[in-house]
Every structure is written in structure tokens, then in C-alpha cells.
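The following pair of complexes shares a single chain, chain A, combined with chain B in the former and chain C in the latter.
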Partner chain A sequence: MISFSKEQSILKMGDVTIGGQPGEHPTVLFGTVFYGKKYREPIPEVLDEARRFIRAQEEMSRLTGNPGIVDIFIDSTERIEPRISLVLEEVPGPRPISLDIPETEVRQAALKYAAEAGLSGRVILNSFNLGATEDELAALGEHPPGTAVLLGYNPRDFSADGRVEMIDTGAGYLEKGLMSYAEEFGIGNILLDTGATPFDHNAAETLRAIPVMKNKWGLPTGCAIHNTVESWLWMKGYRKEHRAEYLTCDAGSNALPVVMGGDFCVYGPIRNAGSVFPVVAMVDKFVAEGAEDYFGVTSSEDHPRRKLE
Partner chain B sequence: MTLYPWRGEFTVGSETSQVAIDTLASRLDFPKEKVAIWGQHKTENLGIEKIMANVISNPNIRYLIICGEEVRGHRSGDSLIALHANGIDGNGRIIGAKGAVPYIENLPPEAITRFREQVEIIDMIGTTDLDKVLEKAGELASRPREPFGEPIIIEFVEREKGSQMKSFEGKIALHKDLVVDPYLEVEELALEAGS
Partner chain C sequence: MSIEPLSTTVVGSFQISPPGDVLVNEIRRGEDPFLQSIKKAVDVQTAAGIDIIADGQTRNDMIRLFTTKLAGIRMKGKPVVIGDISFKEPVILGDQVYVRSLLNNGGLVKGILTGPFTLAMSCVDDHYGSREKLAYAFAEVMNKEAMALNGVVDIIQVDEPYFSVEFPEYAGDLISGIFSGIDKPRALHVCGDVSPFFDRLADFDVNILDHEFAAHPALLDTVADTDFGQMLGFGCVRSDENTVETVETISERVKKGLASLGHERIILDPDCGLRHVSLEVARAKLENMVKARNVIRDEG
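Presenting the complex of A and B:
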């Protein structure tokens, strides 16, 4: 429904195209696999279930036209190789893989592993954020991934401007902005994540920052807004007896970044692909139809606007 | 007195108990008469701030048990222990924390100092056995301590309300009739409208 005067970059990540004006390319959806204590041990039944979830996301992607990317949660160095290997067995090349690694030491090890395995070009680092240490900066310089998600989370200032500052200047936490580092490291593709915050912590600024960042940098921008629903205090109680309703809110939240002009959603557990993809495909159709009707934007061939009549 | 001024996912038990329990990612329930306050704790930044603000509001609390499953990636329990042991650096980062984004930004330094002095941390991370945790709580209750001075109430700071008319016009088009300068002050806009 909106259009930017700032030129919007269109990036190629393997066989996935992302970015451009709203309505031009389908929203890219990241589903996270291996998040949960049941994945702590490599139990065959549990790993089979993970494979089924990955295939289910791929099927929803084929059905709707919204590219699905597997976001691999890794919380220890010994889980880097087996988890990535399993996903690579299920995900056709050159589809990128996203590495969701909260701890800096594990991120460094994963960057090194990816480089040695010849995978760096397929890797989306999710994310490059203020938690990066000197060692991590060195690892990024030595083994840059093909794509990095720059996280705007700024604990000192949750406003849209504060989130921009984190990426632009480092907001006092880093010597310079995440953008400067990423460019210095020669990271080819840069995505921007506005950094979801809970309700009462400027949650809506997560969404406001989307058009602000796209206007400033013209790069594909999104967020993991489902985390705001996940942390909603009232919902934590309500969901105990109303799981279906909770999942409706969880999936529905992914409509919001798309309406704000966003290019991707990190939608949480990959098992929710069945409910998330149709919601986002529907909103993509609204956005693309509005973009074409009013701004003359033409959707790509694989866009839900064309694919789902 | 306003006990526990910061909202969160917690249950309040006995005001006079000297034991609080952080159950991290696990859901555990305790007899209200034996524990002052307990609840889950997910994040290594905002979650820790809530725990500190609420604990220092009740000087009777002298022990904080950290138990349950550690929060994957966030390492919230590890971060809380690091905060208690080391405090924060000049940039708000918890010294020695391994969590993803371990920063404290919404509490004054005196609140952090008070928290570190008021409570002793009992590290039971990984323990989900309710009986074991209760046994430890009982043992701590048998080691009575004096309340730690007066309550400190840190009100949750409401975010500053905006006063600007933010608009997409000029940078982002929504409709041809939406003509508002970006970041124009509301007051100025009203003046213009009236002139």
C-alpha cells in the first residue's frame, strides 16, 4: 500500500530474491528449526520430525510462492555440524540457510565451519548485533557470510531512531555502526532486522522502524514480530487454555511487517509454517494489488498475487 | 508500600518469606507460604531488570534461588549470576555474561548495587525437581536474616509520549492527498491549519 521514493535494492540469495518496492517480490519467511529442549539429544524420531517440518515449509513455499528459508537454531559448537548437515540434506541448493546463533563464541565457530565447508556464500548470519565481541568481528572479517542480518535492537533506545542508530553508528556500544562493519567485511547481502521488543517496550516502534530503515538504506527489512506476541503477559495466561487462538495471533502478527512495507518475517517455530504462509500470502496479495493499482508496481511471476488467484 | 512494582510473569507468595525463586525456562509452582515470589525468566536484559526491581522492593528477600532449565541462547540464569558476581561495565554490559545481549539500561546503578548486596544467589540451574528446590528453600528459611533496610521502589519508566506528527509524505507515498511534512511538530501543524 506504500511506495518508497528511495530506490529499493533487490538482492539475490541463492535462488531467493528479496527486496524492492512493496508488492514487487514475495515476502521471504524464515522458520526456525531445532529450538526446544527436545532437540538437545539427537533422537532419531525427533530429527525425523524436524525433517518433516522443513519439508512442510518447502511445500508451503512451493504452494504460495513465498520463499521459505530454514533458520537453524544452534546453541553449542558441537551442534553446528550435525544440524547444518541435516538441513542441507533437506534443502535444495542453492537455497540459503540461516544460522540463528545467540552466543558469540558459537557464532564464531559456525562462521569458521561454514568457510571450511565451502558454505559461506549460502549462509545468512542471523544476526550480527551489538553482542559481537572483538573476536567475533575478527571472525566476520576472516570468514564473511554471504548474507548478514543486521539487528537494530538497542537496549538504550527502543524508538525507531534508536534502532536506526544501532545500525548506523553502533549507538555507543560498538566503535562504529553494524552497517560500516558489514561493508568493511565485504558481506555481499545485507538485511535489516528492526529488533522486536515486548509490549510496553515500544513494541510498535519495531514496525515503525521498517519504513524508516527502508527509506534510509533501501535494503530489505523485516523483523521477528511474533516474539512480541510470545512475550505478551496476558496471552501467556490465556494461551494455556486457548492454544488455537494463540496460534492465530502468532501467525497473524506476521501480517504487520508486510503492511508496513517489510520484506521478510522471522516467524518462529518452523512447525507453524502451515498457518503463517497463507496469512502472509494473503497480505502480499493485498499489498501487491494496491501497489499495482496505485503505483504501477508489477509483481514478480512467482508472487502470490499472480500464483494464487 | 508498592511491592513488586514491575509487571511480569510471576506469582506472589508470602511477603515475609526471605526466599525468591527464578525458575528460568521451567514452569514450577511453590507453596505460597514458603516463597516470597517466583516466576519464569526468559531474557538476559529486560528479564533481569524486572527481577532486580522487584526483589529490592521487598527487603525481606535475602536469598534468590535460580533453578529450572537454562534459557537456550539467552543464558538468562548465567547472566543473572554474572551480574550478581561482577556487576556491569561502563556501557551497561553485564561483566562476564555469556548471554546474547546482556545489557542493563533501565535501572540506576544504586539499584544494581542494592540487589547485589541484598540477596545471596543460590545456583541450582538445571534443577527442575520441585522437591529439591523446596528442600533448599526450607534450608534457607532456617537461616534467618534481618530485612535489608528500607524498600527501594523503582517505578517502571513509562516511555516518553511522542508529540510529533510523523508522516510518510515526501519519503513514502500512501496517497496523493496525504501532504504532511515529515516530523512536523503537531503544534506547528495546528498553527498552520489555523492561519
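Presenting the complex of A and C:
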């Protein structure tokens, strides 16, 4: 178990608390909805299934104490409004929503939409990364989201330091670091994603970068480590005949960032909430028990350490 | 393999990078976003009519390209040598195979390695305690990369820009070391004004010495006065100016070289990598260089 000498910020995103020393607050879990071909058309049965997945994550969150955030995958401008609206119908109160948008033009449109809908404060931009164009930087300045996830992908250097460099200086891809931009835009909450890379591309550095970044900035840090499992070539073949075993690995991978002191996991398809939440709750208990025994860290009341005896 | 006189080639780099979103999304999926930038670099060269093709060095800068892939080095802004440097696996071999696959109708492929002295000068050394020892260590591991390329490419070029900053006594040993066991043509590119030590380079065991004659025209006088046996990579296009020289300007430069050295000893390329000029300018520079070569050939 680890603890940081650097003071660790605790952030409030709506009704979700994130950050602090390992073991202090429960790990926050982002489950992604609408990823995949079947969501391209608004088929009622498919949308009903998406609603069930969102409710299932909510139920797992209530059960374990690990906050669940819906990460909305949006791959075109015309899908911004319907997808966000559906999620807002299912997500209670001030709970934030996360926007996972692969293309910069769509990210810009979504930031504008959120501002016009009065949602900016609830929005977590997942993520602000090296793909930000001048237009996107302008959109961020004009319509800053309540929270931004700064992504440490640095294609020139996958080491932990390379990932830090992306956030710190822009690593040659941007004129300055993602952190400087985020501060300049007045983004209230900043999360750090170390940027999961595939095996043989310094995958382990994804995890090592967690304590490195927390020690440097003291901000909530995590990653989507399940992407490493998903892109594993051998597993791509194995999973065709061994779905359950694949899901075990996929869910189990989320234990790793938590052990490394991380504060959140972007765990992939929200339909996997049932297997991911218990794994993370279990590791949270280990981490919190160790943190209390060795470092005197007290877990929050909603922490799996207190909630799941 | 012999190299045709007045062949055209590039020194290496281009200002090409996949769009940021492509980088993020393809890395996330475990795909290689740089294959498209390599293809773009190859397309620029083949469209211009270049004879000896390189991968464009789009994947990374010449230092990080290798230092991020060697054991014993930790990246901390600059590469920091923390233990014995050792070779893990070929770094650019796959890219050369890919370049070859793109050249359906043949064409020559040049594999480009960063030289051991330049690597040593670009690292923070927390282990060897001597620049010379570090440089020899790099020569040894980069030789393994060269050996991996030996069966795949047609020419291997080593880039040593730091020789212009400081030319060590052991420079020749380093170059012999990195090329040890290589049976393909061996080229050494040193940019800047190499006049002060060209006579030393003349003793190196390489087939091609490649230098900047457009930015340093007076170098031709030194070269002409030196007894050397290698072919000359005659940099005839400025790589540091974002303007395109005319065919006439380039052919005049080349003719001066030919007058001093003769047709048989010269191949043509830009002064250095074209990373510092826009891709459009790079494309036009290469096209005019090939046209200039053709004019000269036609004139006999």
C-alpha cells in the first residue's frame, strides 16, 4: 500500500467525491455506453437495453459505494443531443456525465451544446488530449466543462515521464501543456488519465505513471487499463471461444490502477458493471485497510471498507 | 550492390505526423497510427521520382526513436542512462519491411540509424562516467540494429550531426563499430561544415560520405583538395529554408560538384532531413532536385 507525501486534492463533481490519499475515498468507475455499431441507429430495444445497463451501474454503485459515472460515447454531432438526453433521464440529480468523443469537431459541438443546455458544470470532458485543434482550444475557452480529464498519451514517449511531459509541456504536439490550458480555461476540476497503451508499448508505464502524476500534481489520477486487455492480440483470438474468461481478465485489470494508488477507472462497456464493481470494491477494501493500518488514513463513510463488511 | 551515379535520395526526415485524434484513437485500439505517415513520406518520395527511399523518420525524433527502445535508459525529458545499455529488439526493422512492401515496382530502401556519438551526446549519463564509453556502448547496440536491417534494406545510413559540434579522436572506431559485419553499402551523413575534419572522414570505412553542399558551398573546395575513395552524397537543396529552389539553381550547384568530382562519384540529396520545412515545400524541393538531375543527365 502506498501513501503520498504530496497533498492530494479531493474534488467534488456534483454528488461524486474523488481523490485524496489511497483508501480515503472509493474508486470512481466510469462505464461507457453507446460504444459499438448496434447503437448507430436509435432502435428502441437497443436504447432500452442501454437504459438497463445505466440502471445496473447505478445499482452496483449503490451496493458497493463506488461512484459510477456514465461515460457517453458520441461519434457524430447528430448523436450529441439524443444520447445525452437519454442518459440524463436515467442519471439522478447532480451526478456528472462523462463525454467520450473521439473526434475534435464533435467534441467542440458537444461543448457548445452542453453550454447552451446549461449542463457544462455537470460535464466531464473525457478527454482533453493531444488531438485538440486550435478550434477545440477556442471552444474549451468559450465553454469550459466542469471537469476535464487530461490524457497523458505521448506517442513519442510512452514512459511515465513521457506521459507527464504531455500534460506538463504538450510534448511538442501542443504549444503548451494540457494542464496550462486547463488552468487558463478555468476548468474547475482536473482529472489525470495516464493513457493506457497496449502490451509491448510500455503498458506497465500506464500504471507506474499513476503514482508519478499523483506525486507531481496531487490530482485524482486513473486510466482505462482495460484497453490494454482489449487490444491484446492473443486475447482477441482467445476471447472468441472463451468469453467468460476474457471478461474475468477485463474486469480484473481494474484492480491494477487501484493498487497503484489510482482514484478512478474507465472500465469499458457499462454492461460489465456487474463484474467490475465487486473487483474494485474488493481492492478498495485491501487498499483502505492497509492505508488505515500503516498510514492512519480514515476511509469515508461510503467507502467499501465501511459499507461492505 | 552498386549505387548508380547521380541517383537521388533523401537524408531522412519529413514534417509528417498523423492527426492528433488519429494518434489517440489508434493507440487506444492497439493500432499503429504511424504506418499512414510512413506511407505518406514514401508517396512523396516516389511521386517526386526519388531513387533511394527512406521511411521518413515520422515516428519520433532521431534520438527518442532509439533511446526509448533500449534497455538501460530511462526517459526523463532527456534520455537518462541508468545502467548498461542493451538491445532489446529491432526498432525500425518493421518500418523498413513496410516501406519495401509499398514499393511495388522495386526501388531501393535506405535504413537510417542515429550515430553512437550523437546518441551519447544527447543523453544524461548516470552510469558509464565517460562520454567515450557511452558512445562505444551505443555503437555496440546500434550495430545489432544495423545487423537486423542488413538483410532487408539496400543501404544503411548513419547520421552523426554531433560530429560537427565535436569530432572525437575515436570517431572512426565508432563508425566501424556500428557498421561491423554489414555487407550493404554504408553511408555516413554529417551535416554542418565538415571542412575542418573532412580529411579524417575520408579515412572512414564507409561507401558514401553525405554532406551539406547547398548551405556550405565552400566545402566543395575542401573536398576537391582531399584524396578520398568514397562516393559523395551531394547535398544540393537547402533543408533549412522554407523556399523552393529552382531547377536551374539546383543544377548549377550540382554542376559545380561534377566539375570538381566527376559524375561517377556523386549521388544527390537535400542537405539534411526535411523535417523543418513544410511537406509541400519538401515535395517541391525533391521534384526540382530530380528534374535538375534529369537535365544534367540529358546534357550528358
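We adopt the following convention: the second predicted complex is superposed on the first by the 309 of 309 C-alpha atoms of A that agree within 3 Å, B and C clash if a C-alpha of one lies under 4 Å from a C-alpha of the other, contacts with A are read in each partner's own complex, and residues count from 1 in each chain.
By definition in this document, a contact is a pair of C-beta atoms (placed from the backbone, for glycine too) under 8 Å apart; a residue touches a chain by one contact, two chains touch by 3 or more.
Everything numeric here is computed off the predicted structure, so don't read it as measured data.
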Report task. Consider chain A as the common anchor and indicate whether chain B and chain C clash or fit when overlaid. Result -> clash
Query raised in the report: Counting only touches as set out at the top, which of chain B and chain C does A:S275 meet: first, second, both, neither?
Result: neither
**Report entry** Partner chain(s) touched by A:S300 [first = chain B, second = chain C, both, neither]
**Finding:** neither
Report task. Scan A:P198 for contacts with chain B and chain C and give back first, second, both or neither. Result -> both
Query raised in the report: If you stack the two complexes on chain A, which partner ends up touching A:S9: first (chain B), second (chain C), both, or neither?
Result: neither
Requested in this report: Give one of first, second, both or neither to describe whether A:Y153 is in contact with chain B, with chain C, with both, or with none.
Outcome: both
Requested in this report: In the overlay, answer first, second, both or neither for which of chain B and chain C A:M1 touches.
Outcome: first
Report task. Return first, second, both or neither, reflecting whether A:Y35 touches chain B, chain C, both chains, or no partner chain. Result -> first
Query raised in the report: Looking at the overlay, does A:P211 come into contact with chain B only (first), chain C only (second), both, or neither?
Result: first
Query raised in the report: What is the contact status of A:T77 with respect to chain B (first) and chain C (second): first, second, both, or neither?
Result: neither
**Report entry** chain B region in steric overlap with chain C, selected from 20-28, 110-118 or 128-136
**Finding:** 110-118
Query raised in the report: For chain A, what residues appear in both contact lists, the one with chain B and the one with chain C?
Result: 102-103, 129-131, 153, 155-156, 158, 173, 198, 201, 231, 233
**Report entry** Parts of chain B lying in touch with chain A, wherever the complex brings them together
**Finding:** 7-9, 25, 42, 45-46, 69, 72-75, 91-93, 98-103, 105, 156, 159, 166, 168, 170-175
Report summary line: Residue positions on chain A within touch of chain C in the complex are 102-104, 129-133, 151, 153, 155-159, 161-162, 165, 173, 195-198, 201, 224, 227, 230-233
Query raised in the report: For the complex, which residues does chain A have touching chain B?
Result: 1-6, 35, 37, 73, 75, 101-103, 105, 129-131, 153, 155-156, 158, 172-173, 198, 200-202, 208, 211, 215, 231, 233, 236, 261, 294-295
Report task. Sort out for me which residues of chain C touch chain A in the complex. Result -> 17, 19-25, 27-30, 33-34, 60-61, 64, 68, 74-77
